[in-house]
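One chain, chain A, appears in both complexes that follow, with chain B as partner in the first and chain C in the second.
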Partner chain A sequence: MLVNEMALICLLSPLLGAVAARFYCHWAYARWLTIVTITVSWLFACALFRDVAFIGKAVDLYQFSWVDIGRYHFEVGFLLDSLSLMMMVIVTSVSLLVHVYSLGYMQEDANQSTYFSYVSFFTFAMLILVMANNLLFVFFGWEGVGLASYLLIGFWQTKAYPARASIKAFVVNRVGDMGLIIAMGLILLQLGDLEYANILGRGSQLLGVVWHGWRWIDFICLGLFVGAMGKSAQMPLQIWLPDSMAGPTPISALIHAATMVTAGVYLVCRFAPWFELSPITLSIVLWVGFSTMILMGIVALVANDIKKVIAYSTLSQLGMMVGICGLSGYVFSLYHLATHAAFKALLFLSAGAVIIASNHEQDLRKISGMANHRTIHLSMFIGLLSMIAVPPLSGFFSKDAMLMFSAKQSLWPYVVMVGGAVLTALYSTRLYYLLFWQNRAINKTVPVGYSICWPLWILSAASIYLGYAMVPYLEVLLRSVDVGNQITVLVIKDIQDVAGFIDHALTSLPLTLTLFSVTVLTYVYWKKPSVLDRLIKRLAWGYDFIASQYGLNALFERYMVTGYQRLSIYCSEIVDSGLIDQRLVMGVSAQVKKASGPLARIANGKLYHYILVMLVALVLILLGLV
Partner chain B sequence: MMYLSLLIASGLLGGLGVMALGSRINCRHIASGTVLISLWVFYGLTQQMVFSDGGIQLMESLPWIPYFNVRYMLGIDGLSWALVGLTLLINCIVIAGSYLVNYTRMRLYLALFLLMQSMVIGVFLAYDAILFYMFWEGMLIPMYLCIGVWGSSQRSYAAMKFFLYTFLGSVLMLVGFIYLGIQAQSFSFLQMASVPLSLFEQQWLFLALLAAFAVKIPMFPFHTWLPDAHTEAPASGSVILAALMLKVGAYGLIRVSMPILPDASAYFAPLMIGLSLIAIVYVGIVAFSQQDMKRLIAYSSVAHMGFVTLGLFLIYRAGDADMASLGMTGAVVQMISHAFGSGALFCAFGLLYHQCHERSIIKFSGLGTKMPWFSMFFLLFVLSTIGVPLTAGFVGEYLVIMTALQTMPLVGLCAAITLVLSAAYLLTMYKQAFFGMPSDIVEKVRDIHRGEVTLLLFISLVVLALGIYPQGLIQVLYPPITQLLDAAVSSKLLV
Partner chain C sequence: MIGLMHFLVLAGIVFTIGLLGMVLNRNNLIAILMCLELMLLAININFVAIDRYLDLVDGQIMVFFILAIAAAEAAIGLAIFIVLYQRYASIETEKFAQLKG
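Our next item is the complex of A and B:
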């Protein structure tokens, strides 16, 4: 079987492109090279998907031993199953589209070879993350995507804001990585191994281990989830994601919407059997996910930057996926992950087209004339409808599956989920009206080229069709994340009867509420836009509070960063140079100098003094001996 | 063939050659010839070694001062081999770097570095305490001169501080060695390891030896000489200081303190672990507000050496032998990878400093646009120091944190904070210097030329190789480490 070679080509081809494009950055065709390599990677990912995903069991491919000490074996290897293969296809497809899109988007940039190199490197790291067969190798990809994100957010390095945003993203992500590292150490202590195949089935072995009344597995799952919170930008570690919009827009589509930010969801799903054993962590996952969904959805209602609105909506959707993981509906989280990758990438890439067409204007209140831009209008419209979950678009299938699942679990998660769905409808509608209705003055827009339009068309098709197309795949996917949840099986059965599923949804509460809120908001925007203005003025304080992410951003930037700077200056000046260096080290040396005064008088270089001392000493020694 | 003596002699003779013939032939050629010869000897030596055997090999032992039973005793094992290899590699970089810059008194400069190479290799090979001490002190003088002659404005203060501080420590070490020598009737480390000592004796001896080692590593709170020495030293001096000088301290702990004084090492392990943690966390915080580029790298050096001592002394808390060797291997790998983290940063910064003679971070801005190639390499070294996977810096840090989490979870928790701290201070520095619009100073610099690219590319390849396939190094280190570990944990009190 050639699976191993295929996996290697799929993984290493983007790396080759990245390295070549970086070193031959002055070569005019460097960017085309990265497109060739990413296409190769995509083809092999698809081929692997076709060959391996449906065989019903995971394929473990050992590559080499990274570190081998005694009983500790840290290895590098791949695990291909229906979960990782789905992720590989998503990653390479979106990456390919973003590469093509960037041809047009970045065409005037002087450093575009470097840009393409970074994007290819990101793809490589993300592939490691999803292909790895053990937690350490996952960590390689985990940090790698963080690095790529850092490089790309700060790509326009002469500007101040991207520089700040990039460092924020990296450092906040590292807080999450700390959780992952700690989880790894705890796993290693109990099980002595990090390979999925060897540890995932042994979760019950951890149940008996207790430390001061705390169960070991809770610590491990919590560590893993902190890692997931960093990457998937769950509250309160979400602060890096809105600022990451400082990077080029195609990057926001690839990294901060479709792939990297879903890594946390992927990790939680990978460790689903363990999370099942830790109810306390599961409820934390649920709470964190749902609060991110609701609170960030509300922020999306007040943001005015087109990219930020979509970023907050990403946060809200991610919160939804994470929250459903907390209810043990892993398959549906992954389902939504896939459809979300399509429609969110579409939204971001459309936003990028808007930005180009409106001459780099990102403020929704100032952009005008977009309604006449047919491709942009249509793609944005489809993306938003898919996100609102209008049947039978992609987003509908996944979101309604999640809704149905939560309804069957218990009442209050269902209520919160419906709230999330309504919020989605509200901010999507608002985005649409601000973008296409508010300023209908026909300004001169900049035309966008084919390399931008083609990815939009393809992603529009995916946003319409992917949800339906994936219905049969859910059963296959379930094999990778099966935790024996009966409700999951029931819901999948329901979805497979597609006509009945849509029929049921049309009469259900969430869709009714969603469409109702869309209608109300449409009416307000159409007939009485002044109502909203008055509302904003009346609630100005609350408006600002929400826009600042409930003060979390200020807390981080003003208090934590400044406080840390103060602490550092205190340690450096008072403790390190003041106390240790001046007081202790130089103080001792000053004392020695002082004490050496009398000694210097004795050691004055006069020979007869020395001889006298020697004689006295000799006499004393002799007396002592006697 | 007396490979080990040849290896030490080649540097010495090369140094003499540079001084004697340097006026007639280009002294750089003589120096690089010498390093090539040393490498060739090293190659021959490598052929002779059996890496699966963890014991001492190629032993050379001759009487030196028979009256005191002092011997000229050299030997090598996998650990020494790796460190000697590191020394030669770093010296290659420094000598190659000398082609790129011009210093006054070039002959003396090169001769001193060759002398230093001999002395450092001597420390790694010596098995006799007096010989060890001699090489140890011999290393000090060239470094002192290097800072004092080629340093920047505050050089005499820094050189004096460096010399006195380290000298004070090593004198105490000598006292300890003499006591041990009297007890063992021999100055051989092997004899010393088997002599029975009471806990009380061991404790005092441990502190005496620690005085020398802790200053060299440097451990908190003996670290304040290092930022001064680094800021004032020339780039090459900083590279040697960071990459080699700091390593001999840790090497001393592994080779001398732990096998000879196992019970005292176990007794003081909590203290050492505590000090290491302070180095990792507190010094990491201090580094954040440094305004001087070299000071910042120096502080990051101290923080990263904290992982070495942490890994070493965690073995006394480890549950079993494998866990202990995980920590010790991590510590040794960290020693080597740190040379390619901080050492590489100093080397790269040296190339920049050579152009603009400015160290203050705040004066730099926009290097990324003016020097794209340089900033690429510099970023790689920064990432290695931060400990991003697939670079050298990750391996040691990861192994030590894993050991810590398994032996003392709370210690591991604190050590893991370094992930955030190091990213914060190094990336803030990188942002200030490399992002933004070019500042006045930066406007005048040019990007690195082909020779400099080659030099940095070479270092980068080592950094990546160590990060991608550390097992290549670890399979050399593992056999001697298991042996040293045995000695380090077998108590002398029951004998």
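Our next item is the complex of A and C:
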């Protein structure tokens, strides 16, 4: 079959499912319909991956002309290369598993057709984002993803918290979008085009463009990165992500593993050649990424809501990916993105199973009896091991590749990365302890169905195997994000010798430290939990400070939300109802009414009076003529 | 001998009767319609008398038009009255004052 048709079917199938499920379907069929359409999309994504990803060059598929203004032409088209195809496969696979999982998870919900329609729409928007061949079309998907996340985070809209959280996610994402829009405008101004094929290679043209000593390329890359920060939830725009836990758990899995947060990393990798030209932006990327990794990793240590712990771990892992982008290791960042998609989806879906099994209890201190639930226990265990990067699970391959890459770059990023890895080990161990060891009382747990277990099993397999399976793909992936970095090539060569790579890692510092910290924390939890209690008591002030995400939430609340609300109230009460309503609209009509009062008395509705007036007027006119 | 002036005076009297009927009549729409017809007839008399006096035919042609229009107007007016009566069960002038300012 032709590549073009395959790409179209892959993209449009989820849209069809979304529209049909929302508007034309009984809910019982809507669920199955969306699953069928997403399966079709997944199959075609896989087929495209097999056919196109390995041919070594990008396939640009022109569809139709979209906007034609003067000298600017924007079209709708797809760019298929090893990067976008990998993203397509990740997105559709996770989305398919989430659809299946939702069958069980959302069983008792009344608005299932709406829910499934939104999830399919989410997938559709994300597919546009990764498939599009120009920035304007990307922006369409970018906003679609934002909209879908808003709809899904606030899916239980009758409760106050999800409604607030969804608005927060939407607004914070707009801040990032502003950066992207500015970057698009600047690119358009300089190069007159937004199509990847026409602009990516022309980055060096921008080097000469200077404005008051500031290079344009820096502005553009910074704008792109601000957009990425919004979507990929980097500090200080990370505040929406923990609150997005208010949505249904499968949605958290979808947002954290496949759609939404990967968009930022994808954008940065797509514009890798440009970021290379702007060292300032690269160092900002590095700083932002690493500070997110460390600071959010620490927050994960003190959170008590099972979903929030995993959300903070996502932030920490995303920070790692973004930081590595800042070191020009785009391939490894994408590698980690893929394995992270597997184990993070697994962790979230297991967390959803925990929530169901414990009858909608999310507080880690109260959940009990999970250790007896074999599927949940095993899948959570595998997910956490993969995240800790224990060889030979998939997380190990990607994380150790990143570590090795940073080690070959320079010392301090390596040290920070090791710190991040140790933090990962600590919060994962804590999560495991709180979930499975702390309350061992055998409570009656709610059984979970097959539609929930199956995705867990599949994702467990992926979390174990994907990292190894992707090793040969790295070279192919490198062709899409090649920036001529020699260290990248070296590290890829190292990884390809898998046995040697594992051997080397077993004796290396990060893994030793990681396993050491796991052992220590396990020992403390096992033998001397009182040490931790005392530590927490002594550090109580810091504990609260960290749990509030370093006061960032309060800061935004205080200086931006309150101010904005005051402005809104001013606009609504003084400007709208005061000036426009009272003065302009009602005022004008009141004045007209007042002025027309005496005249209106003439028109008293009595026919004979009118005739009399006519008569008198006629007589007066005739007298005037005479 | 009956001259032009007699006809003009007659027309003036008929017209005045119609006009006064319209102004003074306060509760019957049909009476108003009849007064209107009366005024038109007064004008017809004027036309015919002046034509005869000046030995012309133009005014007499005009009379036919006026008669035709008067007939049409009467038909429409009566139809409106019937509709009004159906809706309000009355054709008193005082009832129809919705345009009162």
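FYI, the second predicted complex is superposed on the first by the 559 of 626 C-alpha atoms of A that agree within 3 Å, B and C clash if a C-alpha of one lies under 4 Å from a C-alpha of the other, contacts with A are read in each partner's own complex, and residues count from 1 in each chain.
Keep this in mind: a residue touches a chain if its C-beta (ideal position, glycine included) is under 8 Å from a C-beta of that chain, and two chains touch if they have at least 3 such contacts.
Note that the structure is a prediction, hence the values are computed from the model and not measured.
Of the two partner chains placed by superposition, only chain B is touched by A:Tyr564; chain C is not. Judged by the touch definition given at the top, the superposed model places A:Val175 against chain B, while chain C stays out of reach. In the superposition on chain A, A:Thr507 makes contact with neither chain B nor chain C.
By the touch criterion defined above, A:Ser530 reaches neither chain B nor chain C.
Contacts of A:Asp581 after superposition on the shared chain: chain B is touched, whereas chain C is not. With both complexes superposed, B is the one of chain B and chain C in contact with more chain A residues. By the document's definition of touching, neither partner reaches A:Gln486: not chain B, not chain C.
Shared contact residues on chain A (touching chain B in one structure, chain C in the other): none found. Within the complex, the chain C residues that touch chain A are 19, 22-26, 32, 93-94, 96-101. If you check the complex, the residues on chain B that touch chain A are 161, 164-165, 221, 224-225, 282, 285-290, 321-323, 325-326, 329, 366, 368-369, 372, 376, 383, 388-390, 395, 398-399, 401-402, 404-406, 409, 412-413, 416-417, 419-420, 423-424, 427-428, 431, 434-437, 469-471, 474-475, 478. For chain A in complex with chain B, the touching residues are 22, 25, 64-72, 111, 114, 136, 139-140, 143-144, 147, 150, 154, 157-158, 160, 162-164, 166-167, 170-171, 174-175, 177-178, 181-182, 184-186, 188-189, 211, 564-565, 567-569, 571-572, 575-577, 580-581, 584-585, 589. Considering their complex, residues 596, 599-608, 611-612, 615 of chain A touch chain C.
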